[in-house]
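Note that the chains take the letters A, B, C and D in the order they are written out, and that residue 1 is the start of every chain.
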Amino acid sequence: MSLNIAPGKTNIGWIGTGVMGHSMVGHLMKAGFKATVYNRSKDKAAELLKAGAAWGDTPKAVAEKSDVVFAIVGFPKDVREVFLGDQGALAGAKAGTVLVDMTTSEPSLAVEIADTAKKKGVHSVDAPVSGGDVGAKNAALSIMIGGDKDVVDALKPCWEAMGKTIVHQGPAGAGQHTKMVNQILISTTMIGLCEALLYGYKSGLDLETVFKSVSTGAAGSKSLDNLGPRILAGNFDPGFYVEHFIKDMGIALAEAKKMGLSLPGLALAEQLYLSVQAKGWGRNGTHALMLALAEMSGVDWKGRK
Amino acid sequence: MSLNIAPGKTNIGWIGTGVMGHSMVGHLMKAGFKATVYNRSKDKAAELLKAGAAWGDTPKAVAEKSDVVFAIVGFPKDVREVFLGDQGALAGAKAGTVLVDMTTSEPSLAVEIADTAKKKGVHSVDAPVSGGDVGAKNAALSIMIGGDKDVVDALKPCWEAMGKTIVHQGPAGAGQHTKMVNQILISTTMIGLCEALLYGYKSGLDLETVFKSVSTGAAGSKSLDNLGPRILAGNFDPGFYVEHFIKDMGIALAEAKKMGLSLPGLALAEQLYLSVQAKGWGRNGTHALMLALAEMSGVDWKGRK
Amino acid sequence: MSLNIAPGKTNIGWIGTGVMGHSMVGHLMKAGFKATVYNRSKDKAAELLKAGAAWGDTPKAVAEKSDVVFAIVGFPKDVREVFLGDQGALAGAKAGTVLVDMTTSEPSLAVEIADTAKKKGVHSVDAPVSGGDVGAKNAALSIMIGGDKDVVDALKPCWEAMGKTIVHQGPAGAGQHTKMVNQILISTTMIGLCEALLYGYKSGLDLETVFKSVSTGAAGSKSLDNLGPRILAGNFDPGFYVEHFIKDMGIALAEAKKMGLSLPGLALAEQLYLSVQAKGWGRNGTHALMLALAEMSGVDWKGRK
Amino acid sequence: MSLNIAPGKTNIGWIGTGVMGHSMVGHLMKAGFKATVYNRSKDKAAELLKAGAAWGDTPKAVAEKSDVVFAIVGFPKDVREVFLGDQGALAGAKAGTVLVDMTTSEPSLAVEIADTAKKKGVHSVDAPVSGGDVGAKNAALSIMIGGDKDVVDALKPCWEAMGKTIVHQGPAGAGQHTKMVNQILISTTMIGLCEALLYGYKSGLDLETVFKSVSTGAAGSKSLDNLGPRILAGNFDPGFYVEHFIKDMGIALAEAKKMGLSLPGLALAEQLYLSVQAKGWGRNGTHALMLALAEMSGVDWKGRK
């Protein structure tokens, strides 16, 4: 194979210009790639179009004009549609095209896309990210990549335009599996964070002072650093949506079940987050778990003095 | 009050020369404090005695010769015994003596000791630590302190000999409450760590490569940094004993119950750690949780290829 | 509509002659219905064929010769295949035929089958059962039925040949939803049963004597009555397969998630049963939960003296 | 030993004339026993005094006038006080007296009382009950008894006046352990009951019709029979107090911990019930768990149409 991907030379397609995708394709364009974009709601692509992106009417149309087609959409069913649907990218891709799914989605779907694509001589890579909207904006994402080594290597100029920690994890699906590891780590850490703050509050401590003692030692975590202060401030804006986190935990639990794993902590986390969503905070950030746990204990977190 | 605590001038007493206490009193001695020590098993004090410490036959005897009496023993019942028992430090303390409990113990017991001591004109401070054996050795502990401000301030030369992060958290008991916050944070984080590694392993990933992707981002934590590599290496030596962690979770749950809190994550963690202990790993480090969770999923972690 | 279902007159089709189906269609035949049967493994139908049943080579072939087609197969994917597949019953059904799924399966799939069937003028009813292999053998099942009232009523001679508690629960899907209620009730009851016996055993009680005290009072349950003695005897034969129970809990959790419910107890039960399966007891009865919980506590249940 | 316990002959003492005790001592009196009673709040004994009971000013005073002293009070600390306190029954008991604790209390405390009593030549038996206020009223309790066989046998006329299922479970503490088995059975059964009803409600089923399908089969339980209809009716009056149930689960978990058992289901139940209490329903019946679980899922159970 002689994939030669470079700014100026390679035409990029991009599907999904939401919170994350919007910044990410912007970096590719700034790096010199010509881009054709598509999004379900066209208005969210307006700025990119103004900045010089072309518009494709469907993922298929995007693929027809592109050498590499990226997507970062919402849920696995969206991934299926934009890659494998009648109007999906694969339908418009010629042999040698590269498909890159950056959505957090199902490992098995990543494998299915790769297998289906291969039959047409099309390459496919899964490359979910962590780092949030801030990481996307600052081109500081961690990108976890699954796919054939030569394709992953060839995409280096793209990865480097968007991220800082770029690791090839293995064959198709390995990127998604790695992202699941990431989400499992976060899920129960969030429970501990919220329960600990609830305990600290009820025991009469000053929580900012508590942070001074606990945040740099063995109990330290990125969740504590990033979300702890927002929880204290009563600011539950996303960040990362509760409903997307529920999607991720659902994927992880389903995969774990297939692999024969019993994960009681993750299962508890999913149910607690379903409570967060049921109470109307699904479009808040993941740290809104605090609100649901506080209510279980009869504490009005936002109204506390 | 005119507490004037300084090396050369102040006589220190120390009860409990185990993993933690041994290093800690050593730092005080190096800082110039004269020390009288006591430990249940005298042999664990041999090195300190050689280095110039005096021996007291009981906590009471220690207190009779000391201006400030520290203890870091095992369980709350030990704390009760060494401070409030017939042969305890309070029995030997004269007015103006300062008692300092650095064991991780019950907040309510800390209050009880402080109240009882006050009746004799004796000061009492609770000052549990985090940072582990390594932190103790390197005088890099985080010390979480509850007690009267002037006493806590007067002890500054002692704190600084042993720790790096020294924070006065509030009145008697506040140190212990803060330590509970610390332990709650760790407890479910440990579940996530082990479940995530189990998932990663079963999905065929190379876990060291996974660490590269996940450890610096939103999923990062001190638990992952410190214990992750030991888990991969199959090294479950303590560190921090499972049985001490169970003690701490038990205290936190009991306090939470008194305060009217529902903490499902912490409760699950305690039960999983009881499983670790039941299977014979109570004197291993807390990351031995991996072994119990692996067995629940039929995985022989140490024997994995 | 003028459905007139009666022995002698109505031709019955039956798909799935396993543990349950085998006995159930036997009762219909004994009641005078002529039956055509199909099963993936033909040998499991041998006895029925000898007793006078006809063989159909596919569910479609069965449907072509039948007025009412029943199925009780394994998993939802099997249900989909035997009803909606190319060689499925619907493909062979003429207008006026009645399809009856007695598998424990997805409520949403029941609705989908009913909607798809309706377009061909075919009736569809979901009618899962409880009562186990014993209930099937003794024609003493509880049958929980979803579908149009007139169709459900017309099937009365069939229901009465197989069951004792026959209740029309509502429209298509309502039978399956009711069965889910049934399984949710059982799932955490099983946890209590096993944890209680473990406690009783470890505290040195004689468990048969304990049963005398607890089984008739507020703690009494069918699970205790039926499965308690088998657990004591160390007999973990099915009964109802662990792997079928995992299927059912998975369906219930997925439906609950769609409905916005947080069910922490059911989620814990599923994970504990995944542990049972991971340890190799998936083809045992549901009371094999005992073995997994005992191992978590380091107890060798079967080897206890 | 020649214990000869009989109406007319034996003087009974009774401590604790609340919901349970009131009916129970009433039955003994009706059976012909002369009784001296004591209760913290004297007014709750008024009816009994009118019916001919004598009053004792303290448990000690009661014991001085009695051959057998029963108690059914609230919490273990009350048990300790009324038996072992300065003014407790043991202080007033002469050799040969029998102490009977019918409170649900700690097994280890039962052993401690028995051992302490033995030193004075006093007999002690633990005999907690199940069956609720209704069982107490109808003399239909299940009485679970721990103690020396001859003493337990001698008490037969008393047991038979109060209960229907009377079982000697073993030595001191065995009665309490058996009661713990009973409570563990109930705890997670209650979770299943509430989660199942929540599921049924949200899926649009008519719950009374659902009961017809599920209550007589494998999912049947006394909890479902007794508490299911009250939950549907929105009647959360006690029955058995949430706060007493929390006491019992706390005892069971503490004993289990001592015995090295991991009981994740019971631990979850305790936390959910702590939520019930935190939300203000501690003095409701145990089926108020429904209200807390419903709120976790954003459902207003009482206000549902």
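Just so it is clear, contacts are C-beta pairs under 8 Å (C-beta built on N, C-alpha and C of every residue); 3 or more make two chains touch, one makes a residue touch a chain.
All values reported here derive from a predicted model rather than from experimental measurement.
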Both-way neighbours, i.e. chains that touch subunit C and touch subunit B: A, D
Farthest chain (mean CA position) relative to subunit C: B
Interface residue overlap between copies subunit A and subunit D, same or different (over half shared): same
Rotation, 0 to 180 degrees and nearest 5, that superposes subunit C on copy subunit D via CA atoms: 180
Which of A-B and B-D has more C-beta contact pairs: A-B
Averaged-CA centre spacing for the pair subunit B and subunit A, given as whole angstrom: 38
Subunit A-subunit D separation of Cα centroids, rounded to whole Å: 53
Intercentroid distance (Cα basis), subunit D paired with subunit B, Å: 39
Subunit D, residues touching no fewer than two other chains: 256, 260-264, 268, 272, 274-275, 278, 296-298
Subunit B-facing residues of subunit A, complex: 107, 130-132, 135, 142, 144, 165, 167, 169-170, 174, 177-178, 180-189, 191-193, 195-200, 202-206, 209-210, 212-214, 216-224, 226, 240, 252, 255-256, 259-266, 268-269, 272, 293, 296-298
Residue ranges of subunit D in contact with subunit A within the complex: 264, 274-275, 278-280, 292, 295-299
Sites on subunit D touched by subunit B in the complex: 250, 256-257, 260-264, 267-268, 270-272, 274-275, 277-278
